[in-house]
Structure formats: structure tokens, C-alpha cells
Amino acid sequence: MKKVVALGEVLLRLSTKDFLKFAQAGEFNADFGGSEFNVVASAANFGMKAGFVTRLPDNDIGKCALMEMNRFNVDTDNVVFGGDRMGIYFLEKGASIRGSKIIYDRKNSGFASLEKGMIDWEKTFEGATWFHWSGITPGVSQGAADVCLEGLKAAREMGLTISTDFNYRANLWNYGKSPSEIMEEMVGLCDVVLAGDYAASQYFGIEVSGKDEGERQMSLCDQLRKRFPALKSIAITTRGNISALHNTWSAVIDVEGMRYASSTYDITHIVDRIGAGDSFMGALIYGLNHFDPQKAIEFAVAASTLKHTIYGDVNLVTHQEVEALMGGDTSGRVNR
Amino acid sequence: MKKVVALGEVLLRLSTKDFLKFAQAGEFNADFGGSEFNVVASAANFGMKAGFVTRLPDNDIGKCALMEMNRFNVDTDNVVFGGDRMGIYFLEKGASIRGSKIIYDRKNSGFASLEKGMIDWEKTFEGATWFHWSGITPGVSQGAADVCLEGLKAAREMGLTISTDFNYRANLWNYGKSPSEIMEEMVGLCDVVLAGDYAASQYFGIEVSGKDEGERQMSLCDQLRKRFPALKSIAITTRGNISALHNTWSAVIDVEGMRYASSTYDITHIVDRIGAGDSFMGALIYGLNHFDPQKAIEFAVAASTLKHTIYGDVNLVTHQEVEALMGGDTSGRVNR
Amino acid sequence: MKKVVALGEVLLRLSTKDFLKFAQAGEFNADFGGSEFNVVASAANFGMKAGFVTRLPDNDIGKCALMEMNRFNVDTDNVVFGGDRMGIYFLEKGASIRGSKIIYDRKNSGFASLEKGMIDWEKTFEGATWFHWSGITPGVSQGAADVCLEGLKAAREMGLTISTDFNYRANLWNYGKSPSEIMEEMVGLCDVVLAGDYAASQYFGIEVSGKDEGERQMSLCDQLRKRFPALKSIAITTRGNISALHNTWSAVIDVEGMRYASSTYDITHIVDRIGAGDSFMGALIYGLNHFDPQKAIEFAVAASTLKHTIYGDVNLVTHQEVEALMGGDTSGRVNR
Amino acid sequence: MKKVVALGEVLLRLSTKDFLKFAQAGEFNADFGGSEFNVVASAANFGMKAGFVTRLPDNDIGKCALMEMNRFNVDTDNVVFGGDRMGIYFLEKGASIRGSKIIYDRKNSGFASLEKGMIDWEKTFEGATWFHWSGITPGVSQGAADVCLEGLKAAREMGLTISTDFNYRANLWNYGKSPSEIMEEMVGLCDVVLAGDYAASQYFGIEVSGKDEGERQMSLCDQLRKRFPALKSIAITTRGNISALHNTWSAVIDVEGMRYASSTYDITHIVDRIGAGDSFMGALIYGLNHFDPQKAIEFAVAASTLKHTIYGDVNLVTHQEVEALMGGDTSGRVNR
Amino acid sequence: MKKVVALGEVLLRLSTKDFLKFAQAGEFNADFGGSEFNVVASAANFGMKAGFVTRLPDNDIGKCALMEMNRFNVDTDNVVFGGDRMGIYFLEKGASIRGSKIIYDRKNSGFASLEKGMIDWEKTFEGATWFHWSGITPGVSQGAADVCLEGLKAAREMGLTISTDFNYRANLWNYGKSPSEIMEEMVGLCDVVLAGDYAASQYFGIEVSGKDEGERQMSLCDQLRKRFPALKSIAITTRGNISALHNTWSAVIDVEGMRYASSTYDITHIVDRIGAGDSFMGALIYGLNHFDPQKAIEFAVAASTLKHTIYGDVNLVTHQEVEALMGGDTSGRVNR
Amino acid sequence: MKKVVALGEVLLRLSTKDFLKFAQAGEFNADFGGSEFNVVASAANFGMKAGFVTRLPDNDIGKCALMEMNRFNVDTDNVVFGGDRMGIYFLEKGASIRGSKIIYDRKNSGFASLEKGMIDWEKTFEGATWFHWSGITPGVSQGAADVCLEGLKAAREMGLTISTDFNYRANLWNYGKSPSEIMEEMVGLCDVVLAGDYAASQYFGIEVSGKDEGERQMSLCDQLRKRFPALKSIAITTRGNISALHNTWSAVIDVEGMRYASSTYDITHIVDRIGAGDSFMGALIYGLNHFDPQKAIEFAVAASTLKHTIYGDVNLVTHQEVEALMGGDTSGRVNR
């Protein structure tokens, strides 16, 4: 059976309720999430075996995180404990023309003080067939970058397929290295990438051109393929930002030079778009392991479209709900 | 003064908050509702006298149901107590392309174990001029079907007008009888029906045809009239499912062969569409008792359009709010 | 440094949650607001010095109001205490075709029993450069009207710029005076007015004509200028009521005969539109003190557009958020 | 069958949650209650027929009050509508050495503007055997006092038993009459009274003496009997205030000169003591109609002891729960 | 490493908030729990390996239960899905002299329709050293009793230690068998029992005598030992019910005839006592596996004393918190 | 008029609701507090002028803190902005034998990175007559210690009275200095101290002896006086920890060698004891400025006794409520 394992940081998410501004918040919802965890939890939710490895502070908040992660049927046996604190992000939910706002408070977290050797990669990858990481991890600290590379090499050695999500975060990468110094080698070890123009430019100085979205996507794929010949599949999502609660959403995947485009969905009344990209990645990993590329990309887009209606970082829609949407039922009828 | 009385089951409705999935729900809103109760509560709300008869378990949950029902100015003096439990339905509220989901847990309820003779129909119909039931009741159990027929005959004998709502529920009708064995006689005793294609096909094998909505409605009316010559009025509602929170809504009524069509409303930002059909029926009964058919159908559609903005099973909009909408004000202005 | 001071009543706002009808409300959100306070709190929020004067009941509810007002960095040192009670308004939040409903319960409040001499205007206006009032205050009671006129005269004498918002409320003006008896003199002392057709007709019998919105605005400006030659600037907002949660919003300002029109915004998924006009006025006062007229009107419309996404009476968006919207970003993207 | 009817004001109760001070309250629980309504709702809860008459404002808040009152199986058919507003009381819940605080905002309510002739007493008393009022009503306004006396005379004429609760409120009685001018005649028409030292002194100048609680109770009874020879039964409750959440509670009743004393209960962890006296009166009326005096006083004290554990103004404990406590089970065991 | 596995039913617990009566509940907290699950979750919480086997309905509510169970680090791999519904219990939280009330609605659950062969006992007991069950399971249905016996025999065969909690529930045992017909054989297979007078009398007709608590405990032990010679350890807890929120709590254990008594704790301000007995059992199993009998009984009583301060069915106190209490610190100081 | 100014850190307090463990918390209450802020807010609440100086991060969370601080009528004009983050503390509320638990996450806060020269002490002390600080600040970082000493010297120079609270926190003092290196000079500059045995031992190696509480208090005073001859007043509070929600509370103050002891209060049903010591200090500063020592100590103890019933860090009880308690009314009666 296929098993996907990811490395990443899990943060405590403190979000305001009912579209309140931070300045009005007398209470916060408290959840846990992180890009790479969201990916494996999504894959697990569709029935794939999944595992996750991270470092949590050895206090009650860290233990809460672990308990919450356990809910999603993700194997957390290789999580390690240590460091000073749990990373936090504050989320103020926007509406209409006011976008959501995120304030990160993640410095000096248990994960940021990861060091080589702390994670037992051999044990972590036992039974695993796929390894996922994202550009967030090497941006956190030198130690996190080191550990990620360590994992990548172990995965390569043990024959796992490797995927990454570029996930460029401007407020990271402040430990003295430029992204390009770090990312080049790491992306070079990957089979599958979820890429984007802006991140490609930040990481590798790639400049995308083209007279429409399609040409721009091809330009990005071409340049990535040239630079990283090991890449088999390159996925790109497209979000149309009509307002904070109304987006369009679609994706393409280029598999060994063949381009597969998904349907485009119109998503009104968004409940929570944080983690939508991660739910795409999770469903794509599931899809690439179980379907042909066309169905995989449709599955990933439909799943992540539904994620926009799910509170929290993690997608909880069922396989059956995704299939119904792929079948064309966007009606939102009551299911009795 | 006109008085409408209905028979039906009332369920405990346990719904998730804020579009949460069941898997995220640490608490449920707890309300009570049921198709036929919703109908009479709506009629009562507009000022009509109303009564309701059902069977509730003789425990604190049953008594809660009664207390909540009392709020709506519906006469509950003839409600009987007994049986094992309160029927329940769990409601997960959807948004956008994700529809709401209902899980029924209503077997072995006090109502399902109703038996002939348990309800004093003569007393129940004292002062009543109208009796309403729906296709849910005979689908619940043989006993419920028997009692419903008992009520229909008593109503007929005492000269009440009788209305029904087809309300076909695929997850009922599992006590060994096919709907057609039961519904034929019961619908034959009715004056007014709220009908629909799918239910008509399930109940009576009626196949509707036509090149547009209007022709299909006529086809349904014609076949129902032929089969149930006692029927005076046939109402049909039309819902356009744009998304879970955006619908269109309209209706027609055929009164003794004359067709009256309503305006069509565009309902964005739906708050709660459960019970919208019931609120249509309640307002229609009120309308047919107080207005001409054209105004009755407009009143019923406007009232049930407003219901989509009301939390819970029961419509609480005032007569004045309905009239304002019928007057064309869909602006949603602040009323100071 | 510029400082704006306003006089007005602050009310306890009791609002239902989650679009519940009053008939369903087992709890109310409790906030404080009032047109003129909302104006100065908005101006203060953008960095202008601000003060507010009112009369609150000398009980715990009045003290709550003061504490809440203190949050907004508005100088409340000149607030006086006395009278029987806090004025209240109940707010039922509407959705879609159902508008919000307000029930006022403000009679006999501490503010309504204001009398001449209770407010120390000289101290209140210390350091102030601008005085704002609205048509609500003289509508409350003879005493409130007297005190407002007292303030206007003091402001005139001390050389402050004076602005007003017509703010006609049909349910006020019941103490025996017609609006025209009172408003003529008061508006005559003003430099800036936020005007509207209906209020102008109720206050002064002005009848506006014109074949489109633009002509009607000019007609109103012309007549106001003739009647009140001291007026330098006349602002008019235009709201398109598509539904309770979907509006369009724009404004014009006529400054000494020159007309400056703003962009028009489409506001879907409104969170709270109460106080939007006040947030326009507050941002306009800020704008007229810091920008040229064109930027001032754009700033005021952008700020008040954003207010529609803010819960409560008072706008809390930052200067930076307003500038981003003015720059054309209506995408509602997540700001990380 | 016995039926008790009461006259009184119902107020909107706005209470803080979780022991918050008013200054911390961003929301209020919203309930309805009033001394005399609490009494009849209690009696109805034990199975007695009950009715209530009051005047509510003709707006949505008044209609909410009616809907909530309907829950308790109390006949509200004779309630009248009119007047400006709903009376309100704000409740800040205390704990330990900090007592609860009530702020009344009840002036100019629909009830306060009651006038003679507004209530149809003959219809109100149809089928009734008992009339209850309290000292609050004549303290509200001259009109309320007039209507109460009107009701007392009608009750006397129609042969009803009459009970009253002294319920002296220092913040009422401000319409120009002293309590003694009003209460003398009214109490003279009563059969049963719930009396207290302080109220007796305020109303009638009665000075109670005695070297212990028992002697003081006898002194009060003696003086009341001399002054009001029609009185058959005089009840007196005794509360020991150990802390805000820990009280003792007992009562005596003197029936035609025979004294019956209840058990004394120790009530720790009080949930809500507002309305405890009213729940005593409601249970006493029920008891005097169904039991001998000794059992009646025990029932009334046990019922009102349990009320201290019930949120809100109205007692909701069952007959069975009261009997269990009377049987000596104060253990608070889990009942499965 | 030691591993405890249990069989039992998990119920959806719907509880009122803030001491509200059912009649006041507009929402319920929704949790999952069941005696035997609570036991293994407690043991897991202290660091023991744990597994649980049950049957859940194959719908979203059943899946919620599984997700919640996963939080507690209990192996749920052998849980089976099927049957009609999730069993439910409604909990009304009492205070002071009013006890909590439980209404069971558990008939026809997925667990109640268990049948022999549905559970793969060999796989379930893989790696297990201890099996726990309680008297609830054989009381649910013939099928549940059969499966429990099946498990007991498998456990015996595979050499596991077996514990049981008598847990007599009067509202079960209604499928046609008397407890004694069933329990005799099952208890005969056990090594450890948590016993009680009342259950022993209901199950086996054992009549306990003695002039004080100690003698009565010895009488119970003697009779149980005679009847079930395989029993090595018999534990008995003693609860003093001072009020709903104030109890005393202690226990004794007789291990092969040696009696070990625990300290007695005074527990004021109880937060939730549901599951306290289960937390005792879970901590006892942990204790008997890691400590000598005296420390085991002290550990079990201290852990379950702390459980009274934990919301929900499952104990979440840490090993360190239990040790601190055992060390004598009952001060409730703030731990910084 | 007297004005007290304090320096200190304000933290975001994230607390669980309803006695939930961290592991159960899906939401946190969000408040702001800090020992020294709590002190001045308390003093301000009783009517004294008050100011506060701190350093907050220049983001939305820092601005929230400022808005919340503004509520308390404390002058915050000299607060400075900068640094990375807001310090946080997580609070799990205990009950009965389970104490509350605090997890600090305050490293690298804006306050911790304070440096000399950042605060304009001359402006901060304008109009001030009293300066308060506590042992927390020098424990945070070298920079915070430096700034505090800077403030102490400025205060001394400008003739302010200086008070301190020892407030030893074991989890601070980790920047390389021992407390004694730092505290000696700082305490030497003070007039008033709130001292305790344990802190005195940690800071100065003072060992307290005595056969009872009184002797031990004298021993502590004697040693402090010898070491810090400038000290005029030494206050010591005594808490009896009966359980997490039941404490006793009293204090003594030694003013120039004269000892004044307060009453002792028994506080059951504690709502929130965090900040109780701070409320004592705030009331003591108020008392020493307005009353004789005996009344001052009684006032401070009564005020802080009441604080135990107030949610949050800051005492909100009124002067009148404190006087009522000092007058001996511990009954917790309802105040109408």
C-alpha cells in the first residue's frame, strides 16, 4: 500500500470569529495546521496511508498539537519533542473587499531549532513510498533546511517519490541564506512540484512570459524542466480573486511534457481558503497514486474547491463528495 | 374562524454551527421541527388558528419538544405521549458547491410506534376547518400510515378541507409496503396537493413530459387530476439550485384547471433552507383561506422566499414583511 | 495639530447573532455606538486628534459606555453624567431580501434630558479645530437641540470649522417642534454638510429634480447653496441596495461649486452596514484636513466601503488598508 | 380544576455571563421574567392550570416576550398590547463575597402606562379560582395600581381566593403616593400573603420584635392578622446569606393561627437565585390547593430550594424532583 | 511492553451547558465516551499501550466517534463498522441539591447489533497483555453478550489478564435474560474486578452485611472470592455524596486477601463526575501493571479524584499531576 | 492630584474556558494583562490618576493591547512600539484539587528587547507623584533591567515615591545575571515594598524564621529594614490555599516599624485569582495616598478579596463595593 510522509512545521492557529478585526477579538479559535501536515492529512482522509514528522515543544501546547494531529489518522510516531515554544499564526478573517490578514509569530519554535540527526529518517520512511516537503521548511532556519535536505537524500536513497510545493513566504528566509542557495539542490531531488510564477522568480530568478495564462504556464514548465531535469510532473494552480469570499479555481499539470487542464470552479461564499493549496497537493498526491493524470488533476481541483467550504487548515471532504462534484453537481443541494 | 390542524412527526434537529462538518462539531444547535408542524406554525404565525397532533416520548426530551412547540401559538392539547424515543436528524450545513447533509436517526420513535386509536380525532378536529398531512407520515411505519388514514377519514366526515404535501423520502418506506399501496387512497381524499415530478413518479408511476418547465407542470397536473378527481388545487414549486447558498424560487398553482404563476425570486446568502417548502405550504393554506388564488400563490412564494433567511425549521416572518416583499421591495434596506 | 470634536448621543446596541430574528434571540451582542461618536472614532483611527461630548446615565451601564469609548483613542474628558437611563437600540440583522430591523428605545435617556449649561463648551473645544454634529441630536429633545445650538455658536465664536450630517430620523422629532423650525439656523452655521434628498425635503421642503443621479445631485447642491450661503462643501453618498448583504457605494462632493466624484464599489457579503455613513463622514473630515478634495472623497468612499466588512458601529480599518483599496486592489487576497 | 391567574409586569432580563462585571460584558443573555409571571409559571409547571395578564409593547420585543411566556403552558390570551417600550432589568451575577447587582430600566413601559379598563377582568378570570398579585405592581404607577385594585375587586366579586407577595421595591413608589396609601385596601382583600419584616415596616409601619427568629415571625403574623382580619394564611421565608453562592433557606406558614415550619436547606453552588421567592409562592399556591399546610410549606420550600439551581427567573423542576428532595435526598446523585 | 485492550460501546454524549435544564437547552455539547473506552484512554494517557474494539455505524457520526477516539492515542484499528445508528445519551448537569440527569437513547445501535464473528479477536489481542470489559456490554443485547464472552475466552486462551467493572445499569438487561444467567460465567474468567454492593446483589443475589463500611467491604470480598475463585484482586470505591458538586472519594483493593486502603479526598467544585469510576479503573490497571498494590490504589484514587475536575468522559490529567496530589498537595495553587 | 505611573510588560493572556484542560481547548479567551499594568489600572479604577509605560510590538496585536489598556482610564501616551512580538501566557483554569497552570511564551517580546534611552522618563513622569515597578521586569532581560533602573533613578531625582512588588518568577532571570546582582540597588531606591519570604530568599538570601506567621512576618520586615534603610513601608499578604477555588486572604503592613494587620477573608467560589496580588498593590497605593495605614491595609485587602470574583487580570470593583465589604457585609446579597 502506498504511504506518503511529510516533514514540516505545525503552527497554533489563532483566528478571530465572525469576521472580527483583531482589535475586536475577545477570543480566538485555536486550531493547528501547517502546509505539509495539511497535505498528508488530506491524503489520509481519502484513504491513503500517511505519516508526518515534525518537532514540537515539550509542553502542554505541543501535546495538544499532537492530539489534534492524531485525529486525522496520520502516523505521528516519529514526531520529536524539544525546543522553546510552539510557532503561532494569528488569522483575521476578511470579507468582500477586505482580505484576511495573517500575523506570524513563529520564530524560535521547536521546529525552527531542529538540527541534523534529530529525526530518524530510516524509521520515518519505513513503509513509505512518497515524501513531501515545501519551500516553507528551508525558509524557517538553517537547521530546518539541513534536516529537510537530510530527509530528501534519505528518501532518494530509499527509493521514494518526492514532491514539493514552492510555497514562497517573504517573511521567512531571514537566517542569512538566499533561497537560491538552498532551493536549487533540494528541488533538483524532486519528481513532482507545485510551482508558481512568483516563487520561481524568488527562488531561481526565472522570469515567466506569455500573452495569456496558458503561455505563461508553458513558459514556467519549460524553464523548470530545463533547470531540474529530474522533474516528472509540474502542477500549477490558478486562483481568480474576485473578492475575499468569491474566487475561481483551476489547475494544470504537465506530466512528462503532456499538459492536462482541469475544469474551472466558481466558488462563492468561501468559508475558509487557508490550506486550499495544501488540499490540492494532498489530493494530487492521492490522485497521482491512484488515477491517470487527467483524473488526478480533476480530483485535486475538485477536492480543493470543496476545501474552500471547510473551516480550518485541513480538508475533510470525503472521496464521495469529491466525485459528486467532479460529476458536475455544483448545485449545493441538500443530501438527505 | 378558520383553523388548520396537522398530523406529523416532530424531530430533534441537531445542526452544526458556522458551516462546520460533522467531523468538526464539538457542539450542536438543538431545535425541533417537522414538515407538518412547520406548516401549521407558519399558518399560525400569520394569524390563523392552528393545532397539531403527534406522539412524543414521555421523557424530558419529549417535554422540551412540547415547550418549544408552544412558543408558536399552536394548540398542542391533543398531543399524546409514549414510545421509546424522540426521532432525531443531524444537519451539517453546507456552503457554496458543498450541499448540506442530513443524517436521519428516527427509527423506533414515539411517533413511529403510533397505533390506531391513540389519537382522539374528534377532539383534535374540534373547531378545525382544514387538515394537513404529508407523505412523510405514511412512510414512517404501518401504524403511522394507519393513524393518518384514520385522520383523513375523520376529517372527510367532519367536512374539513384536506391538503397534503407529497414529500417523498427515499430513506423511509422500509416497513414492507410500497408507497403506491398506501398513498393512492390517501391522496384520493385530498382537496389540495403540493406535488412534484419525482414524488409523483415514486408514488404513482406518473411520468411527466414536456419541452419546458411549464409543459411539464401541466403534464403533472393533468395526470394528477385524472387519477384523483377530488383534487381542486395542485401547487408546484420550482427551485433553481445555483449553489448551496444561492437559489431561485417560484411556484404555480392550478386551481380547478386555472393556472396561476408566481414571481420568481433570486435568493442569495441563504441562511437556512430547511423547511422552505413547509413555509410555502403554510403560507399557501393561509392564502387559500384569505386571498384569491393569484394573491395566495404570490403570498406563499414571498413568504417562503423570506424563510430562506430564517434560521431553523419554522418561518417567523411577519405578514407585513411578506407584503413588503410582494410589493416589490427586494432591496434588503435597513428598517428603522 | 487638527482636532475634531463632536456632540451626540451614544446608545447601547443590542443585536441578534447569526441573522436570528428577535423572536429567536436568547442573547444579544452588546456594543455602544452613535452617529457622531462613530464619526470622531473613525477620524481618530486614522490618526487625527478627536474628542467627544455627550451625557451618560450615572450608573454602571453609562460607565461601560465610557470605557468602550475610551478604546478608540477619543478624548472623553468632557462627557457629563446624569439622567435616568442609557438609550438603547435593538438590531435584528437581515440577509438577502430580508432587511435588518432596528427598534429604538431611546426616550428619556441621559442625553435626551440634556439642558443648556450642562456642557462646558469652552473646555470641550480647547485645542479643537473642527466641530461635528448631526440632525439626530436636535431631533431627540428640545434640550438636546438647545445644547447643540449652544455648541454651534461657541464653535463659530472660537473659529472652528463645522460639519453636519443631515441624518433625518422619522421616529424622532416628536417633542413638538418641526425640523424646519430648528434646523434652518443650525445648518446655516455649517461649513460642510453630508446631505441627502429625503432629509432635505423633510427638513427644508427642498424638492430635488433631474433626469439622472448626477442632475439630482446638482439640483440638491444648488438649492442648499442658495439657502445656506456659508456652506463650502456638500457631500452626497449613493447606495445601491441590491440585497441586504450586497450594495454598491459611491459619493460626490461639491467644494465651492467644483464637483468631485468618487469611484463606485461593489460590496458583496456585507458584514455590518450600520455606521457606514458615519465612517464616510469621519474619513471625509480626515480627508478634508489632509488631502485635496478628489483624494478626500476617494479616501472617504474607500474607507466606508471597508466599513461594510467591519462588525459594529465604528470603522476600524487602517489608513494602509484604505490606501490599498484606493490603489485598486479589491481582490480580498490574504495578506501574510 | 383549580386555575391560578396573576397580574404583573414582565421585564426583559439582560444578564452578564460567567460572573462578568457589566464593564466586561460584550454580550447579554436575554430572558423574560417578572415576579407574578414566575409564580404562575411555577404553578403551571407542577400541573395546575394558570393564566397571566399584563401589557406588552406592540413591537417585536413585546412579541418575543409573549412567545417565551407561551413555553410555560400559561394561558396568555388576555394579555394586551400597547405603550412605548418593554421594561428592562440588567443583571450582573455575583460570586462569593460579591453580590449580584440589578439595574432597573423599567420606567415608561407598556405596563407602567396601564389604565383602568384596559384589561377585561371578567374574561381574564373565566374558569379561575385563584388570583395572585404582588406589591411590585402598585409601586410601578398610579395606573398599574388602579388596574390591580380593579382586578382585586373583580376577583373578590367572582369568588376567587387571593394571594399576594409583599415584594417591596425601594426604587419604585415614585409616582407621588406612599405605599401605605395604596397597600392598605389592597392587602385587606387578600386571603394569603407572603410577608416580610422590612416590607411590613415600609408599607404599614409595622415594627416587629422578638428575641429570636420564631418570636419575630409571630410578632409579624399577629400584627398582620389584627390589621387585615380577612387574611387566612401568612407565609414568611428565611434566607441565610452565607455568600453570593451559598445560602440557607426555610419558611413558615401560619394558617388561621396554626404555625407550620419547614425543613431548612443548605444551598451551595447556587446557579441563579433570582425568582427563588416567586418559585416559593408558585409552589405554595400549588401546595395550598392540593396538600395540607404542613406538606404545602415543605413542598414550597423544597421547590424553591431547587430553583436556586435553575438558570433564569422561572422554576423548571418537576413535581418528582421536588418530592425526592422532600424525601430527604440532598445528595445530588446522578439520576440515570 | 504492557498493552490493555477493551471492548465496549461508545456513545454520543449530548450535554447541556452551564447547568441548564433540558427544557432550556438550545444547544448541546457533543462528545463521545463509554465506560470501557474511558478506561483504556486513561491508561493510554499515563503512557500504557492501549487498544479498543467496538462497532460503530457506518455514517458520518460513527466516523466522528472514531476521529475523537484517535485523539487519545488508543489503537482503533480493529473497530468494525455497521448497524443502524450511534447510541446516544443526554446529560443534564446538576448543581447543589439537584443531581445530574441522564437519558439513554442507545437501543438498536451498531454495537447493540453486534454478532459473534464480527470481531477478529486474534488480531485485536495481538501484542495485548490485559483485557478489560464491563457489565454494561452483556446488558446491551444477546449479541453483545455473546461477543463479550467470545472475547473473554480468546483472552483466556491467549494468556491475557482480565479485568471487569460490574457497572450494573438498571435500564439495560431488557433482552430476555437475567443478569445472573450471563454474568456468572463471564466474571468467573476474570482476574480483577471493580465491584459494588448493589451490582453484586443484582447480578448474583449477594447480600452484603457489616456494621461499618470496612466490614461491608470485607463481606463483599469474601463472598466474591468464594464464588469466583479465579479472582485475584477486588477493588471497591466509596463515594460520599455531599451534594452534586461536592463529594468524597476513596477506595480499597483486596489483592489475594490482603487489603490496601487509599487516602480519602474531599472534592469540592466538581467539574464533571461522569467517567470518574472509569478513570479509577484505568489508573488501577496502569497501577497494577507498574506499582505495588498500595501505590496502585493510591494512584488510582488520586487520578480519579482529579478526573472530577475534568470536563467530559475521559480523564486527561498527567502522571505528574497525579503524583503531586499523591504527595499531599491538595492546595490547588497556580502552577507557573 | 496624585498620579501613579508604572513600567512593566503587558502580555496576551490566552485562557481556556469552563475549566477545560489545554488538551480540550478549541478556543481561548484573549485578554491583556501584566502585573504592573494591573496595579495602575486598579488605582485608576478607584479614581487616582494613572499612567503606564511599556514597549509593544508594532503590529495589530500590539495595537489591540493598547486599545484594551485605554479602556481603564490609564494614560498610555508614553508607550513605545517596536520589537518582534507580543509576549503571551497560556492559562489553564483549575478547580478543586487541580490548580491552574500557566505556560509562559514571552521570550523575544518587544518589551524584552527594550534598551536604555527608548523611554522618555521625563515626559513619562510629568505630573506623576508615585512610580511602581516589580521584580518581573529586571528578570526579563538585561535591557529591561537597565531601563527599569533608569526609571528608578529618574523617579528618585524627580521626587516620586517608589513602590515595588518582589514578584519573583523562577522561569525568568535566564539572561546571565543572578537576581541579587540586580535587585539590591533597585530595591534600595524604594519607599514601599510588597515582600514575601520566598522572593526575599531568592533575591537576597534572606532566611525568615519564627514560630508562627506573625513572627515570620516580623523577621522578614526586620531583615529588609536593615538591608534597605530607605524603605518606609513593607506589606506582606497571606494566602491560605484550601483549594483552587477556595482561599483565605489577609495582609499586614509595617509602616516605619508600626504593624497594621487586616481582617482575614474567606473566599469561596473564586472566579479568577490571577492578578489578585496586583489588585492588592494597586489598592494599597491608592490607600497609602488617601487613608491612614490601618484603613489603607483594610482597603487593599478588601479590594483584592473582591478581585478574586472578577474575571481577567484587572480588578474592576468599585470604591463603593470595597467600602461595603470593609463594612463587614460578606453576605453576597443581591443589590437592587
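So that you can tell them apart, the chains are marked A, B, C, D, E and F in the order they are listed, and the count of residues begins at 1 in each.
The rule we apply is simple: a residue touches a chain if its C-beta (ideal position, glycine included) is under 8 Å from a C-beta of that chain, and two chains touch if they have at least 3 such contacts.
The structure presented is a predicted model; accordingly, all values stated were derived computationally and were not measured.
Asks: Which neighbours does chain C have in common with chain F?
Replies: The common neighbours are A, D.
Asks: Give the fewest steps needed to get from chain C to chain E, where each step moves from one chain to a chain it touches.
Replies: 2
Asks: How far is the middle of chain A from the middle of chain F, if each middle is the mean of its Cα atoms, in Å?
Replies: 45
Asks: Using CA atom averages as chain centres, what separation in Å is found between chain A and chain D?
Replies: That pair's centroid distance is 62 Å.
Asks: For chain B, give me the residues that contact two or more of the other chains.
Replies: 21, 23, 26, 67, 101, 269
Asks: Edges wherever two chains touch, nodes for the chains themselves; is that graph a line, a ring, a star, complete, or other here?
Replies: Shape = other; not a path, cycle, star or full graph.
Asks: For this structure, enumerate the chain pairs that meet the touch criterion.
Replies: Taking the chains two at a time, the touching pairs are A-B, A-C, A-E, A-F, B-C, B-D, B-E, C-D, C-F, D-E, D-F, E-F.
Asks: Could you list, by residue number, the parts of chain C that touch chain B in their complex?
Replies: 18-21, 23-24, 94-102, 104, 169-171, 241-246, 269, 273-274
Asks: Taking the complex as given, what residues does chain F use to touch chain A?
Replies: Contact set of chain F toward chain A: 14, 21-23, 25-31, 59-61, 63-64, 67, 84-86, 88, 90, 92, 101, 103, 105, 107-108.
Asks: Can you name the residues of chain F that touch chain D in the complex?
Replies: 265, 267-271, 305-306, 308-312, 316-317, 321, 325, 330-336
Asks: Can you list the residues on chain D that touch chain B in the complex?
Replies: Per the touch definition, chain D meets chain B at residues 67-68, 70-73.
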